[in-house]
Amino acid sequence: MKMKKFINDPADLTKELLQGYALAAADCIDLVAENMVVSKTLADADRVTIVAFGGTGHEPAVSGFVGDGMLDIAVAGDIFAAPNPQIVFEAVKLADKGHGVLLLVLNHAGDMLTGSMTMKLCQKAGLNVKKVVTQEDISNATRENGDDRRGLGGAVPLYHIAAAAAKAGKSLEEVSGLAQKYADSMATIAVAARCATHPANGAPFGDLGDEDMEIGMGQHGEGGGGRQPMKTAKETIEIMANALVKDIPLVKGDKVFVMINGSGATTLMEQFILLNDCVAYLEGLGMEVVANMAGNILTVQEQAGFQLNMAKWDDEILAYWNTPAKTFAFNK
Amino acid sequence: MKMKKFINDPADLTKELLQGYALAAADCIDLVAENMVVSKTLADADRVTIVAFGGTGHEPAVSGFVGDGMLDIAVAGDIFAAPNPQIVFEAVKLADKGHGVLLLVLNHAGDMLTGSMTMKLCQKAGLNVKKVVTQEDISNATRENGDDRRGLGGAVPLYHIAAAAAKAGKSLEEVSGLAQKYADSMATIAVAARCATHPANGAPFGDLGDEDMEIGMGQHGEGGGGRQPMKTAKETIEIMANALVKDIPLVKGDKVFVMINGSGATTLMEQFILLNDCVAYLEGLGMEVVANMAGNILTVQEQAGFQLNMAKWDDEILAYWNTPAKTFAFNK
Amino acid sequence: MLNIKEFMTMIVSAADEIIAAEVELTDIDSKFGDADHGLTMKKVMNRIKSDMGEPNDTQTFKAFLDDVSMSVMMINGGSAVPLWSTLFDGMSVGAPDKTDVDAAEFKEIFKQGYETLAELSKAKVGDKTMMDTLIPAVEAIQNAEGDIKEILEAGTKGAEAGAENSKNFVSKFGRAKSYKEQTIGTPDAGAVSMKYFFVGLNKGLQ
Amino acid sequence: MLNIKEFMTMIVSAADEIIAAEVELTDIDSKFGDADHGLTMKKVMNRIKSDMGEPNDTQTFKAFLDDVSMSVMMINGGSAVPLWSTLFDGMSVGAPDKTDVDAAEFKEIFKQGYETLAELSKAKVGDKTMMDTLIPAVEAIQNAEGDIKEILEAGTKGAEAGAENSKNFVSKFGRAKSYKEQTIGTPDAGAVSMKYFFVGLNKGLQ
């Protein structure tokens, strides 16, 4: 069976997609050294700057969020593979405008290892860097065992919030403190209904059969044990939202942020329906949904499903959120 | 086999998705009378205004393009079904700010019938309306037989260009003249690799087997006769771009606009690769790609595939294109 | 003579006939269209039924048909909506402003319905649309002799033959037209729903 | 005694052994991971091979292993890259700055390699990672008597046993850990590639 993807040589996937992305986002970014995506606003930045990195194949993440009010540099690895620590180190060096750099890392084995080695390289070079790791997937571990929680789409709103704080002139201490607090407070859970295939070698990410979905699915088809028959949007949201509300925890009167992150083949139509159901569910619990986000944000190729992310917000976060941003995949 | 979609009662799809969309795009639009999506900027508009309509199930189109620098009102029908003429008439009435209204229609049987009846109702009511129809699908008919060409994603850049002209203070004559010229000059061709299912009744839109793609696919799985084994991105682009170049026609030295419109399950990764290949192809022919667009713009549920749209641009169009826009699905 | 209450009963019967064919209509539309014709026709017919209420004799033919046209017009349903709304609008134009009709008046309702729709539709017999059914049905009605029952019997026969013939045509209108020759062998979805309209009217008169 | 040219030949052999196992490695990773371990290891090993060129005796063990570590470091390849780069970096730290090594020096190379990697990895035997293979392999090397050939033979046996044992463990690291008990019965992808590393080194010494 042929892979039903419009690609060329699988070995060139990352190179070609980044070249195409650089054309599509020419007003926001420059592509440097093949896999460093640099914001056009970096040149004039006189503030704390923000660097992130990650595997490709999750488009628009991570590169799609580089630009004004979001990331200063995103370093792309290869398909589902973190970039090497050397290039991330160089990105941090390039990003540093004398106010220090915040390095945002999603909790995945490869990313964590690259993050650790990058920090070592930075420390050797005497760079002023702080690392914040997002670990929000509630499906595998309790909040106390944060190291076992995967980093999912919740990093994306954090990109904007941290960047807004940096733009407001906050110090690296302050920005990283805010980012750490945010990372620790949010929570995400994912569901998949159809699995994707690895674009480089055509290997399937699993098989959910004709009837089932799996709650707790990771970003690359790593299962989470919640396999069950497909349910309606409302029922699915109830299961997932309830789990997040308990985990965070959220209570009556809380100001809440909600994100529906489509995995790839789940339509925006469905995402809107899910958002509607989720907001109704939370309002039913007496909470106020003060902001939301819906769309294909951090995808898993053509996987059908979505991630539901929530966080408890206060007025400070909301104010940061409501500052402008101009990137390929997020505008404010 | 269960439908692998996160929905509730199929009869409520449109209502629920529009409610969710209204939450997601709360800073740009208001939802009026259940299926009229109205730009927040309409209240203060003192210019020609622009109304479009169409079936739902193609999200983000059409409603996702309502806002500053794009549509003033989009009227949603039901899944793949045009809205009724009565409500489109009411939308035109609401949109009219004394400078007249441009009604943009995509060439599909249902939309055309609704467009015709709407124009009749408007004429009876003495409204100053001009209708422009986009008919750009080159797969079924020659340029002379425009009535047989379907309207595809090429309408979306036109929304912005027409809105920019309206914002620049052009008269209805001028805006509709420009829009008609643009509609007549562009061309689109689509390809599908996997078909979608109708979200309301689970009926499949066709079956392309394990190996094939179909070039010339319509927006709802209507075939076009170009079934063939899957090809690489480069080969697919060559076939499709070549057909568009001949149709428009484009020649060496031309300034060209290119759009890759993902149908649903074709990843942004692939779309970037395709854009890269297409720009290289056109530059190889000595053309200059002065602007582009990539993303899921007008989708067909979870269909895998994309539409390739091209148009010959001049400096006037480019200047309109480069004016600001703020909508859920398109920002400039 | 046919009174309005009887006619309303016929419309209910026609609506039920079409609703019962939902799956068949959607199946046909899934071949060369967007797989929703059954769904849309069900929405249209259910709306007509619920808006009109129980058959009664308080309205004239003209007013009733105008109401039906307006009911259809309120639905978001793709091609079928403007087409059927226009058909009923034309029938209303052709209908007398009273609560019963004779055979000639009955014929006139369908004649005007067809003519008004033809203007919007532009399709002829052989273009593989609902007109493949409507045109021979209305022609048979015009040419038939006898009472309303005999006239409608003839119209239904015409409709059935027309829907059957639509199998032999190459699509020229609507979403199916891009399939060209491939459409031969399959009837047109709209031609089949139009057939059930006449079949249902006829049943409702028994 | 082992000279650097012989050692480089062993590294080429190890690289080829891993490259030949691409499909097997990716298959394992597709069960509980992201289906790319074979792909990544192939990239890593090909890069090592092409950067080092033909085996020769112009470099010291320390310099060569440092270059290998840097070659790996330049690849974008997920977990495997920092892990393998660090392993070679540690081996370089443990290696003498000369063009041949004796049995004790050979042992020291692997000891330092393991210790440096352990700091980054944090995984122990039983956590279902490449360490399941590396730890028993390096222990066997440390405990082995005799010449380098005998030492490496013992290390390879340890590696093979370790990779086999990884089947019995519940994943505690990497993408597979979310599958918990389900991972019992399947070896760890990284444990298997590490086994082929030793198998290949050993073959290259014959």
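Labels for the chains are A, B, C and D, by order of writing; each one numbers its residues from 1.
Quick note on the criterion: a contact is a pair of C-beta atoms (placed from the backbone, for glycine too) under 8 Å apart; a residue touches a chain by one contact, two chains touch by 3 or more.
As the structure is a prediction and not an experimental result, all values here were calculated from the model.
Between chain A and chain D the centroid-to-centroid distance comes to 32 Å (mean Cα coordinates, whole Å). Taking each chain's centre as the mean of its C-alpha atoms, chain C lies 76 Å from chain D.
One finds 54 Å separating the Cα centroids of chain B and chain D. Under the stated contact rule, the graph of chain-to-chain touches is a line, running from one end chain to the other without closing. Chain pairs that touch one another: A-B, A-D, B-C. For chain D in complex with chain A, the touching residues are 26-27, 30, 32-36, 38-40, 43, 73-83, 85-86, 120, 173-180, 182.
Interface residues of chain A, counted against chain D in their complex, comprise 14, 35, 55, 76-87, 108-110, 113-114, 116-117, 139-140, 148, 150, 198, 200-201, 203-205, 216, 218, 220-225. The touching residues of chain B, counted against chain A in their complex, run 1-8, 13, 16-21, 23-24, 56-57, 59-60, 64, 193-194, 199, 210-211, 213, 229-230, 232-234, 236, 264-277, 279, 289, 292-296, 299, 301-302, 304, 306, 326, 331.
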